[in-house]
Amino acid sequence: MCLSIPSRIVSIDELNNACIDTMGVQRKISLDLMPEPVQPGDYILLHVGFAIAKISEEEALESIKTYREILDSMEAAEQQESP
Amino acid sequence: MSIQQLKEHLRHPSVISSLADDINKLGRTIDQPLRIMEICGGHTHAIVKNGLDTLVTQVVRFVHGPGCPVCVLPQSRIDQALYLARENGTILVCLGDMMRVPGSEGETLQHCRAQGADVRFVYSPLETLDIARKNPGSSVVFFAIGFETTTPTTAALVQHTIDAKIPNIKFHINHVLVPPAIDALLHGNRQRPDAFIAPGHVSVITGWKPYELLSQKHHVPIAVAGFEPIDILEAIRELLICHIKKIDITLNSYHRVVSYKGNHRAQELVDRYFDIRSHFNWRGLGSIPASALQFREEYSHLDAETSIPHIPAQDTHPTCQCGAILMGQSHPWECPLFGNACTPAHPVGSCMVSNEGACAAYYRYRGVSL
Amino acid sequence: MNTSDLPEHIRLSHGGGGQETQTLIREVFYRSFGNDILLQAEDSALFHLNNSAHIAMTTDSYTVSPRFFPGGNIGKIAVCGTCNDLAMVGAKPCYLSCGFIIEEGFAIAELRQIATSMASELSTNGCQLVTGDTKVVPRGGVDGIYINTTAVGECCFTPPPSSSSLKPGQVLLVSGNIGSHGAVIFCHREGIDVDSGMQSDCRSLWPVVHALLPFQREIVAMRDATRGGIAAVLHEWADQSETGIQIEASSVPVQNEVQGFCEMMGFEPWHLANEGTFVLAVEAQAAQAVLDILRKHRSSAAIIGQVIAEHPQRVILQTPWGTRSFMEPPTGELLPRIC
Amino acid sequence: MNTSDLPEHIRLSHGGGGQETQTLIREVFYRSFGNDILLQAEDSALFHLNNSAHIAMTTDSYTVSPRFFPGGNIGKIAVCGTCNDLAMVGAKPCYLSCGFIIEEGFAIAELRQIATSMASELSTNGCQLVTGDTKVVPRGGVDGIYINTTAVGECCFTPPPSSSSLKPGQVLLVSGNIGSHGAVIFCHREGIDVDSGMQSDCRSLWPVVHALLPFQREIVAMRDATRGGIAAVLHEWADQSETGIQIEASSVPVQNEVQGFCEMMGFEPWHLANEGTFVLAVEAQAAQAVLDILRKHRSSAAIIGQVIAEHPQRVILQTPWGTRSFMEPPTGELLPRIC
Amino acid sequence: MSIQQLKEHLRHPSVISSLADDINKLGRTIDQPLRIMEICGGHTHAIVKNGLDTLVTQVVRFVHGPGCPVCVLPQSRIDQALYLARENGTILVCLGDMMRVPGSEGETLQHCRAQGADVRFVYSPLETLDIARKNPGSSVVFFAIGFETTTPTTAALVQHTIDAKIPNIKFHINHVLVPPAIDALLHGNRQRPDAFIAPGHVSVITGWKPYELLSQKHHVPIAVAGFEPIDILEAIRELLICHIKKIDITLNSYHRVVSYKGNHRAQELVDRYFDIRSHFNWRGLGSIPASALQFREEYSHLDAETSIPHIPAQDTHPTCQCGAILMGQSHPWECPLFGNACTPAHPVGSCMVSNEGACAAYYRYRGVSL
Amino acid sequence: MCLSIPSRIVSIDELNNACIDTMGVQRKISLDLMPEPVQPGDYILLHVGFAIAKISEEEALESIKTYREILDSMEAAEQQESP
């Protein structure tokens, strides 16, 4: 899957390296391949030590919202079935 | 948003069930199960491991695609890696996956290291710089493999090598291109799949534009998808709708990281150092024109391949069903070698090589029994 | 003599605790040394000596690098690891031997630190170091220091737990979060910063095993999940008992950071080594009571699955959405993945 | 804390079995681990376990280079050496543990040979290997293979022989020609041709010790003269018993070739290691009978001296022409001399 | 004849007793015990270890001489060896004895190796060639010490280094000359010994001619002797006879290997590469003119000494009696430091340094009690 | 003593090295410093891997003879004392 992991940028140094956090594990990676500026707090996709894309938080929140709706509608349905 | 939250949502059991229900309901309207090829082994892995196919058995039949860069690498290229590793004074550096892949004699780089060769794996290609600096008397060869996702990281290493004037790093380039392979698969395949799931992280770099071109040329729906269970089910649902509505377009279901044009910076970097190879031999698919990269003329002094004697390509094992599996004509467990002569420890065909190969995924996660 | 499973030279994976280690042991060591006690293949050997009741004996060599890591050091691990193997057959660690192999030039201050950790861990176990050996080898002859410890102890569980007696219906538990030792060691070797607070689980298990004594009849098997992780234990148990094992993937306790590390590297937490975490197979009726005791020692202890009749010699992972897959057996050396 | 006797870094001589080894053990290990059993400092620890009679336990690591040498190999020595340490306290070797640390790339054929030698030597001792461990380390992490063995056995001598109970008048014997192991190993390392037929004395001692059982009350102490040679044993005994020891230089049995080797290198044969030769302190009245038994096993066994009241803690060499000198204690690493 | 036979004869208890009797009988005719200095530490070692002095206590009083090349080497020279050993990329090679000798800070080459320096001992200097060949990237320094016996073996190594064009061997030369040291000892020593035993193996190379010149100059009898108990007793008897008859000549009691002119081949080889140093500092004796060797001008490129910063010579410990012992004015056990602050493990003065030093020989073989 | 050991020459090779035997132990040494020709069977004095002198067998036998005479005369004396 060209193994790539969402991670959060913790800090950026002057050599275009970033310290990133993956669920609590931090390591140094390269920003050499980033096509757009990033800053601490941004989420990026990490592949073999390189950030290769910024994760669109907007899009991510959008899908979370969609799934949240699915869940809510399911709960509503369940409550109807077993009142 | 935290990553934690995002992940939890993308693996939520109820959402998974709900999506599978949707798909199964939609599927009542079609006669034959939809034949979807997931091109990328990462998707194969996620589907088999998470049992997603078993949730939609009636509606979808998965055709497992070329797999991953490790699987499609012909044995003769691994023989070249072994040749380089055994050279005195050479340190061969590669990414972890490569260590376990056997060449034509069944030997891996791990074996080669056990016999005394200096072979090291790195997590990031850039670690090679440090190895070269610490071993000025050695010749360091970076054995580079990967789809479009990984190629830019090799290009970044090339750039650092040149900028820092490090004299003792060379490269063995095995970077392949996904769209030409799909194109080849579609040409002259009578049982071609009805729809495709396009690789998510390859598309982060290339954008989804190349798949749009394929949709148009071959009249087939394609969805770019992420790798979480819900990402994949979402893509399946979209493709099913397209199929029902007979719309042959490319859809991007992986909005959060994939754009139409991809990562231009990565593309430029790759372009600076590499151009298209006229042909490249894909394990399981054979020779495909313009399907891989090579150093541009002006960087050929960095190419370790030129110093290697010709190593002939191996014939495929006559009984191996890889070809048929990749064409969607056969299932892994239908191959007589599956789990017998052919296991992940001793793979016969490409599909058994890495975790992402279809045969390997079934062997590891499903056996013949689950 | 069929030796086709063995190559000509030893590979790192022959020491990885997985399939290749088993092949080496079977093809070389069992051929030369096979005897009834050895072939039990438990964590510790059991025998009688000079008219004694059951005595347990076990040995391990420690070559861990780095030598000092968050949560422990090679000395602590050398005592825990070996005493834990006694605890796993229900034996109280009593006497320990220790063989040091030290590289010329090793700092004596570091050796003192190691010895101090060992002493403190011995006291946790109520165990005495009674005989030792020190070899110094020229530079390059060893990577700093390697330690072998061998322990003997008194069996307190009747009958001693045994990994070949699993039966369908029995419940599987784990004594706490898994994989942290393997993750910490890998991170340190690969230069990954773990300020995050990941800590090796390295700890002595005799205290908790001692607390489990009242359930000695209901505890069927115990195994500390060292090299190869809980996957190695579960596969070995399924294999030896010829039963199936089913694990609820979502019940397996994994610390957030360890999960993050796994995703980054392409590992599964059940393949990572532990040094103070064990798996138990328990009669169903005692499972909750055993869990309660385990949780007094570590709140992350959990019931993770059960022994099943189907799929003999297989370990099945059940997803929360109802699908199933095999749990991969460990394959030796951990290699970070790109795909 | 007076640690002035210890430098900052470990030296080869800290493993040489001489004074520096003693200092390291005292200043580091006894400080951390001191307990009554350990402080006995005999070849084996003695204790009771689960209501047993006396049990003996001992450990040693084997790093010998070359691994194969005339008269043995690292496997044979790993079993002999440890079993011999049990025999020296009058205990029958019963159960052995074994920890291998192997370098990646080691030839499996060689490992088989080593295991085969171990098995054959175990059978000589009537001992079983009951538990083991195999670690594989990356190239350079170890020099080929190191082996730790730990053995437990049943004490057969009442009272167990003890090196601190020597009394003036007792007679000292050696079980055969001395120094051949040290000479063979040194020659091999330094590339000296030994087609001459020098062979390591590497052998198991339980058979001869078993034959000595009828004299268990008259045998005061036994010690296999490994690192540091018989000089190390004699000095330790003189030291611990606070007696003098007098040796007839001309009675010490040395093979011609070993003597030749010593003259060439400027060594004394009593400083050379043995691997199957032991020193005994025996009540005078039993000396001849014990010698007769020893000679049935090795014709070169000899009475070499006696315990004396004068010169406490000193070992005196008596020349055939009636003069006397101290026997030098071993000083660690053997270094060839020009002067 | 076999070597075995020869040795047995030279150590035969009855012959030893008989010779000792002879000496004791002869001694009845003299008032004061004959004060014999054995120049060579090898003789000191043989006398003390074999207790020969105790066989002739009434007749002979031994004065223990300068000892051996290791003992007389000043600490500053060992400091230089330590300096070289600690240089990165340098392998220091020496003969075994050197490994245990402490420099001015108490550190030995063994310690230095334990701290990470590459220090190796060889049995024969020629083994250095192999070390240099196997480590082409390292600079190998042979730390050369020795009396006349050993110097030719260093010269042979120099010759092989030059002939085989091995680029990475240099030398640190510490070869000293025995006759100038004896000459210095005799000058202005009021309690000078009555007779001398000259070193046997030094004389194998030099011949006994140099001692004849010393006999003539200083009017003292000298006997060249071997190292077996009977060799030494034989020499003592001869010296006693000379003393009684007042004949001040040099006698060769070591016929079987020592000739008048010595080993001309060895002398020539030494001469080819080395010439006389104007002064050399002897531990225990101080600076002695023309008492050591150095590379001839044309071979100075092989000299490792030139690259070392100046290391000042250490003062002798004020309480150390070495000077008095070497002059025959004191006995080792009379020194207050003997066996206390000064032991072979932590020597204060030169006489405690190696097995051949007088204090070390007494400490090891005699203590204060035997 | 500038430690030097009598040894017997076993064989000589074309590079002026000899295999010598010291009481049964054989090793290769250099003849580079030998001032006179030697052949297998000769005795030499060995110092740090070099033959430095040929041992005069004549002289050695001479001393053995002397000591033999001492021993014989002692035995004669003893026999006179205790007949």
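Letters A, B, C, D, E and F name the chains as they come in the text, with residue numbers starting at 1 for each one.
Rule of thumb we're sticking to: contacts are C-beta pairs under 8 Å (C-beta built on N, C-alpha and C of every residue); 3 or more make two chains touch, one makes a residue touch a chain.
Given the structure is predicted, the values throughout are model-derived calculations rather than measurements.
Enquirer: Would you pick out the chains that touch chain C and also touch chain E?
Expert: D
Enquirer: Enumerate, in label order, the chains that touch chain C and chain F alike.
Expert: The shared contacts of chain C and chain F, listed by label, come to D, E.
Enquirer: Compared with chain D, which chain's mean CA position is the farthest off?
Expert: Comparing chain centres, A lies farthest from chain D.
Enquirer: By number of C-beta pairs in contact, which chain pair leads?
Expert: Of all chain pairs, the one joined by the most C-beta contacts is C-D.
Enquirer: Could you pull out the chain whose C-alpha mean position is farthest off from that of chain B?
Expert: Computed centres place F farthest from chain B.
Enquirer: With chain centres defined as C-alpha means, what is the inter-centre distance between chain D and chain F in Å?
Expert: One centre to the other, that is 35 Å.
Enquirer: Using the average of all C-alpha atoms in each chain as its centre, how far is it in Å between chain B and chain D?
Expert: Distance between chain centres: 61 Å.
Enquirer: Go ahead and note the Å separation of the Cα centroids belonging to chain A and chain D.
Expert: Their C-alpha centroids are separated by 64 Å.
Enquirer: Where the CA atoms of chain A average out and where those of chain F average out, how many Å apart are those spots?
Expert: The computed centroid separation for chain A versus chain F comes out at 86 Å.
Enquirer: For chain B, which residues are shared contacts with two or more other chains?
Expert: 4, 41-42, 68, 95, 114-115, 123, 146, 150, 356
Enquirer: Residue numbers in chain C touching 2 or more other chains?
Expert: In chain C, the residues touching two or more other chains are 7, 9-13, 104-105, 256, 266, 337-339.
Enquirer: Residues of chain F that touch two or more other chains: which are they?
Expert: 1-3, 7, 22-23, 47-48 - these are the residues of chain F that touch more than one other chain.
Enquirer: Considering every pair of chains, which are in touch?
Expert: Every pair of chains meeting the touch criterion: A-B, A-C, B-C, B-D, C-D, C-E, D-E, D-F, E-F.
Enquirer: Spell out the residues on chain D that touch chain F in their complex, using ranges where they run on.
Expert: 187, 192-198, 256-257, 259-261, 263-264, 266, 337-339
Enquirer: Flag every residue of chain E that touches chain D in the complex, lowest number first.
Expert: 4, 11, 13, 16-17, 20, 41-42, 48-52, 54-55, 68-70, 95-97, 99-100, 110-111, 113-115, 121, 123, 145-146, 150, 229, 344-345, 354-356, 364-367, 369-370
Enquirer: Please give the residue numbers of chain C that touch chain B in the complex, ascending.
Expert: 7, 9-13, 19, 190, 256, 265-266, 311, 314, 316, 319-326, 328, 331, 333, 335-339
Enquirer: For the complex, give me every residue of chain A touching chain B.
Expert: Going through chain A, the ones touching chain B are 1-4, 6-8, 22-23, 29-30, 32-35, 43, 45, 47-50, 52-57, 59-64, 67-68, 70-71, 74.
Enquirer: In their shared complex, at which residues does chain B touch chain A?
Expert: The contact residues of chain B facing chain A are 1, 3-7, 9-10, 12, 14-15, 18-19, 40-43, 45-46, 68, 95, 123-127, 146-147, 149-150, 152-153, 156, 159, 199-202, 204-205, 227, 230, 255-258, 263-266, 269, 356.
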